[in-house]
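Each of the next two complexes has chain A plus one more chain, namely chain B in the first and chain C in the second.
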Partner chain A sequence: MRNDPANQEPTGPVLAADGTPLKKSLSRALRRQKMRALLLIAPLLAFVFITFVIPIASMLFRSVENDIVANTLPETVVAIASWDGTTGELPDEEVYAAFARDMIAAVAEKKHTRLGSRLNYELSGISSMFRQSGRKMKRWDPVEDAPFKEKLIDLHDGWGDVSTWAIIQTYSAPYTSGYFLTAIDMQLTPEGVTMQPEDKRILIRLFWRTLVMSLVITGSCILLGYPVAWLLANLPASKANLLMILVLLPFWTSLLVRTSAWKVMLQQQGVINDVLVWAGLVADDARLIMINNQFGTILAMTHILLPFMILPMYSVMQTIQPSYLRAAKSLGATNWTAFWRVYFPQSVPGIGAGSILVFILSIGYYITPEIVGGTKGVFISNRIAYHISSSLNWGLAAALGTILLAVVLLLYWAYDRIVGIDNVKLGG
Partner chain B sequence: MIDKTGSEGFVSFDHVQKSYDGENLVVKDLNLEIAKGEFLTMLGPSGSGKTTCLMMLAGFETATHGDIRLGGVSINNIPPHKRGIGMVFQNYALFPHMTVAENLSFPLEVRKIGKSEREAKVQRALDMVQMGEFGGRRPAQLSGGQQQRVALARALVFEAELVLMDEPLGALDKQLREHMQFEIKRIADNLGITVVYVTHDQTEALTMSDRVAVFDDGRIQQLAPPDQLYEEPMSSFVAQFIGENNALDGVVQSIDNGVALVKLATGDLIDANPINVSKVGEKTRVSIRPERVEFDMNRLAEGSHTLKAEVLEFVYMGDTFRTRLRVADNDEFIVKTRNAPDQVRLQPGAVVDIGWMPSDCRALDA
Partner chain C sequence: MKITNLIATTASCALVAGSALADDMTIVSWGGAYSASQQNAYHTPYTEKTGVNIINDESSAEAVAKLRAMNEAGNVTWDVVDVVASDAIRLCDEGLAMEIDADTMLADAPDGTKASEDFGDLLVSDCFIPQIVYSTTFGYRTDLVGDTPPTSICAVFDTEAYPGKRSLEKRPINNMEWALICDGVAKDEVYDVLGTPEGQQQALDKLATIKDDVIWWSAGADTPQLLADGEVVMGSTYNGRLFSVIEEQKQPVAMLWDAQVFDLDGWIIPAGLSEERKARALDYIMFATDTQRLADQAKYISYGPARKSSAPLVGKHAELGIDMAPHMPTDPENAKNTFLYNYEFWADYRDDIDAKFQAWLAK
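The block that comes next holds the complex of A and B.
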């Protein structure tokens, strides 16, 4: 029969010149290419891993991590497990003794104040209890000073309160959903999961406000940015360059300076109010309040994020050839129809890209709402910053951050389902 | 040069001028009458103002001076979308976000034509360009030639009486281009539409057109049917631009009985047909087609002037022979002869006598 490999029936595997199956030798050749490509991007991968993946993973972890109770009070955690707090009775001496031993050891290592601060997030006042008791318990002996129940209750009333022990029991597990519950205005109590009291429910409202205001900011950026991007793409080069410089100008000044400038403009004794009063449009005693509220935040952030909307729109519009509009008109379309049916649909990917960019940037924005937002115009990120730098409740900050991340991913997914992510173009 | 036969033109340009910058005239005094049903081609080198003329007709550029009329009505102040002129763009300009059928349906929708009628018309137009099965595709999923057909169908679907095409075949390869030339011509003839076609491919212009307007430097140099353009060029530019041409410079020695005696720079004398010359002593450039040059002196009239020529190169081209000669210090003198059994094959180095009928040698502007 025929031995010429080139004439082989197509049923068997195709062989390369040296007799190995073609698929195998192809994948071998490709593997070497892939390895080389991987080596080239290795520094970037390492950088991304260290600066992005690890911090996010640690944030996710921190939002549920709760080993401080079990680490600081190892014996108490075991002893209190069988206690039933719902009866309203205090735990028995065994628990108090375990607690005293744990505390004496913790005081020696100065770990008790940290635990106090941690539990204070759940029950206020508990922090000072730990600090005061710690000072006295430093001199106690774990064997000779027994029994401890009476002594501890003498030391501080709080140790005779059922809720103190209930909190310790509730938070004795190494992982907790407590931070997440707090982040959505709920709480983990000994009786189970309940809503926070009415006056403490602020975070959901803050999330909601952040979303709505980000949408409003994105919307105003589209409205203001579209005509500018259109001009940029359609003006002759020299004028377009000038306009481009104006668009990019904000990038050359510090964000802080720009935001502070808005403060100067908008405040009640500020430039705009002065002009309005001078022009007689507004009475001197009825100056407009345009700052330290939502209006101020929306205005300043629209201004600051506008370039992020204009640039992707512009780079998409630049690829739309003018002959499309001419063709539409030659086919009988009015200027408006030609724009709406032919130009606009082709510019949608730019709007999509700009919107995603602006929305995601604004949902996590911090400086501007902090400066011009007052109390009514702050975002969830300001709350996160507060918990990171002032209240030091990093667990709650991490839970809030995780929820924010989840919301963004969810919206991204929804956007992909509705608009299609291939419909997002940054140009080209 | 105005063609008098088309004075009742369907389209007419009347002393039209155009300047983009206020300093240079891109179109200088254009007068052109196009008859209904005519296939007119604007041919000319790059930058000669062809696209500009087309754009003024379509309404995307305004004439700086003069009047453009369509069906006797001045359209200077009518916006493009009300002119009802079909247009095929060089890059096709098919809307990328619409399917082929939606592209074709667009001009019908803006004319508020009902859905069923619209669909019928779209299908008919697609069938006409043999694209009936591609209605659901996006332009990006079509080959260049298929896009070209769709663009043509779109320009025709709303039954425009006048269709403008600006280098519609420029992006296609040679074979496809020749095929599409034939298609466009066939469809235009079948529908009886008037076509203004822009190209800088002279073969395209000669094979498709009823008349060709040769543009140069913002003016029509000659407006004539293809055969007349090739055989009777009225200026050196046209002679040079259309087809292959041999040119020799000289001075008119005498004009007698419709034959001009021209003295070349080398002192040789030749006979020529005086087209653009009238006076003795005038400078002229004579022009002769390569296939009209004779080696066989027996075929020439008694007393004809002949020239000595040295053979530089002989190229066998199958159906023809192409011989390059040095004639009166011109190294690029080409002679084309038919491949026939008795035809001589001149060898390089040989010196021969050449001549021509005086009527085939045109004395034009220098």
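The block that comes next holds the complex of A and C.
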């Protein structure tokens, strides 16, 4: 460059043909290109944002949202703030009057039963208090029927119970940590944060079980999938294609069919036990229990997720040159050394990709554990499904989901630190 | 030219679809034999009468969650939804179902009795229109129980007299009540006891005596399959499922009509429908829950009609030709010893006891 006669003037920036500095012109051209690229993916971005990011974010937001109490009982929330529940004395008439006014308004809008179900998550029995009281308070007048304290207690003894008011006070803030605490077997009570009673602690256990079993499933997928993927990559094309179809066939079969098939195979009067009894390996009255427990879940899920392990491994192994192995052997390596020192390290990206896929899929599974898991094989996602569809406690479901997401991200980060995410390949 | 044609065709298709939509009505139910019985007894005659095309959606199992999601999105696409009574109470509480005035919105009985009286106590929620009475009860393998077939619910807890596995539903409802009854609690005190932590523990302790012998089911089809395969010696499920195992599939299974728990299934109309759709849904409900129609459904499935006035009209099974009355959970012979399910109690305590129950199961 320096010797180029056209570029003799060393002062000032390099100029483009139209006289603008080259740097500026280049960045403008790049910006235009970037804009064009952005415009091209804009529909996709908008789609992902609208159908994915917003719904998930709003669902996760429910894990802290608690404005229903303040919205339904605006006056009560203000009046009860100064009440001290620890004295064991009921709030005074002012609170009851505010509550009655709020309730009469809420009943008119039919909002009181929703609040009842919300508070019932914290104290069983409140739901029917709101429902039953609402029916009678419909006919009350907020001015003429005062004072309310005794009337309310007459209506339902629950209104004469300190714990009812303490719960309303504790949950009157627009945001709550209550759902997250419940999700880790703790609870937010008027006395502060405590552990759940021993006989209600289950969620931590389920989180732990989900993680451990997902790891076991991932591990058994690696063990079973690796030789298959190796065969697929090394057999002659015609045989490899046949094998490929065998791998893909279950992949295309309905999940429910495959899970139910395992049921037929594994149950005590099932195919495997029948064969074992027939062959005399197992006594008729001591048939093996292989389903409705952890074993059943691990077996069925390993089978279902196996293709997700084999396919990435296969696509990575396909790119490994067989000549490397031959070279290693010609340099004096044994079969094992050639495999372990030369072949295996090259196939690690496939294992990594497959493991991440299988692990993340299995952590969120719930149909299969529900059907074959019995009592010891269910996952945390079964509880999430229960709270989404049966108990309608979406706040708790969202908190559980958020924790699960955080755990997955944490494990992903750890994976990146240990193995390196660049070391993952989904294809050659 | 081609593209214009394509656009024109698409547009006309969309128009046709749009106009068809106005006469379509989406009814949500459970699928399987149950939906088929509704199709025969209600949908087909209603379409013949009015020309309204009925679209079946088999989402009742997730109806509560889906209705809430639809309601929040402001786009309710269902017109009439079939749910069990406890779900109806939940939907009503959440403001997701419309309140129904039985006397003005439902048909009177043929003798002029008001609907509210004809349905009587079965109107368990302000939003709920009962349709059938079903019961959760036990079936047992006749070839696996020896010479003394069980006659009492407590046979379930008697693993000495009746060895083998039993199947129970993977939830506290019904199981806790049965456990307490068999632990000596009087039937009318069951819910008082179950409302206390000690009572809940008592029920779980009783269940613990058979925990190792139980296969827990979560889908209604599980127990019939387990019975048919001989995997369990007895198991709880809905009486209609057992009817089909016994009468249609001719399996060696018999019913145990003791302490059966009555439950209700019926319709709700989602809140927030347009006036036009609401009027049509109400018209359908008026038609489909009258005395004759409810009795008709019993021709196809062994669930009892919810109206008192329908009971005498129950006839024979449409295909098998057998008398259906003796197979109804409401038949006096079967209903000698029934257990009344307490909706209010479970609406209050379901989440609390379920947490304990699941923690106990996972131990």
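By definition in this document, the second predicted complex is superposed on the first by the 417 of 428 C-alpha atoms of A that agree within 3 Å, B and C clash if a C-alpha of one lies under 4 Å from a C-alpha of the other, contacts with A are read in each partner's own complex, and residues count from 1 in each chain.
Convention: contacts are C-beta pairs under 8 Å (C-beta built on N, C-alpha and C of every residue); 3 or more make two chains touch, one makes a residue touch a chain.
If you're wondering where the values come from, they're calculated on a predicted model, not measured in any experiment.
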{"item": "Simultaneous placement of chain C and chain B on chain A, clash or fit", "value": "fit"}
{"item": "Chain B versus chain C as contact partner of A:L255, first or second or both or neither", "value": "neither"}
{"item": "Which of chain B and chain C A:N292 touches, first, second, both or neither", "value": "second"}
{"item": "First, second, both or neither for A:P345, with chain B first and chain C second", "value": "first"}
{"item": "Touched partner set for A:T337, first chain B, second chain C, both or neither", "value": "first"}
{"item": "Per-residue touch tally on chain A - higher for chain B or for chain C", "value": "C"}
{"item": "First, second, both or neither for A:Y324, with chain B first and chain C second", "value": "first"}
{"item": "Chain B versus chain C as contact partner of A:L392, first or second or both or neither", "value": "second"}
{"item": "First, second, both or neither for A:I202, with chain B first and chain C second", "value": "second"}
{"item": "Partner chain in contact with A:A70 - chain B first, chain C second, else both or neither", "value": "neither"}
{"item": "Touched partner set for A:V282, first chain B, second chain C, both or neither", "value": "neither"}
{"item": "After fitting on chain A: smallest Cα gap, chain B-chain C, Å", "value": "46"}
{"item": "Set of chain A residues, in rising order, touched by both chain B and chain C", "value": "none"}
{"item": "In the complex, chain A residues that touch chain C", "value": "110-111, 113-114, 116-117, 120-121, 124-128, 131, 199-202, 205-206, 209, 267-270, 292, 370-371, 374-376, 378, 383, 386, 388-394"}
{"item": "Chain B residues touching chain A - in the complex, by the definition given at the top", "value": "58-60, 79-87, 89, 91, 93-97, 106-107, 110-111, 154-155, 158"}
{"item": "Complex contacts: residues of chain A adjacent to chain B", "value": "321, 323-324, 326-335, 337-338, 341-342, 345-346"}
{"item": "Chain C - residues contacting chain A, complex", "value": "61-62, 64-65, 68, 90, 92-95, 165, 170, 195, 201, 215-216, 218-219, 226, 229-231, 344, 347-352, 354-356, 358-362"}
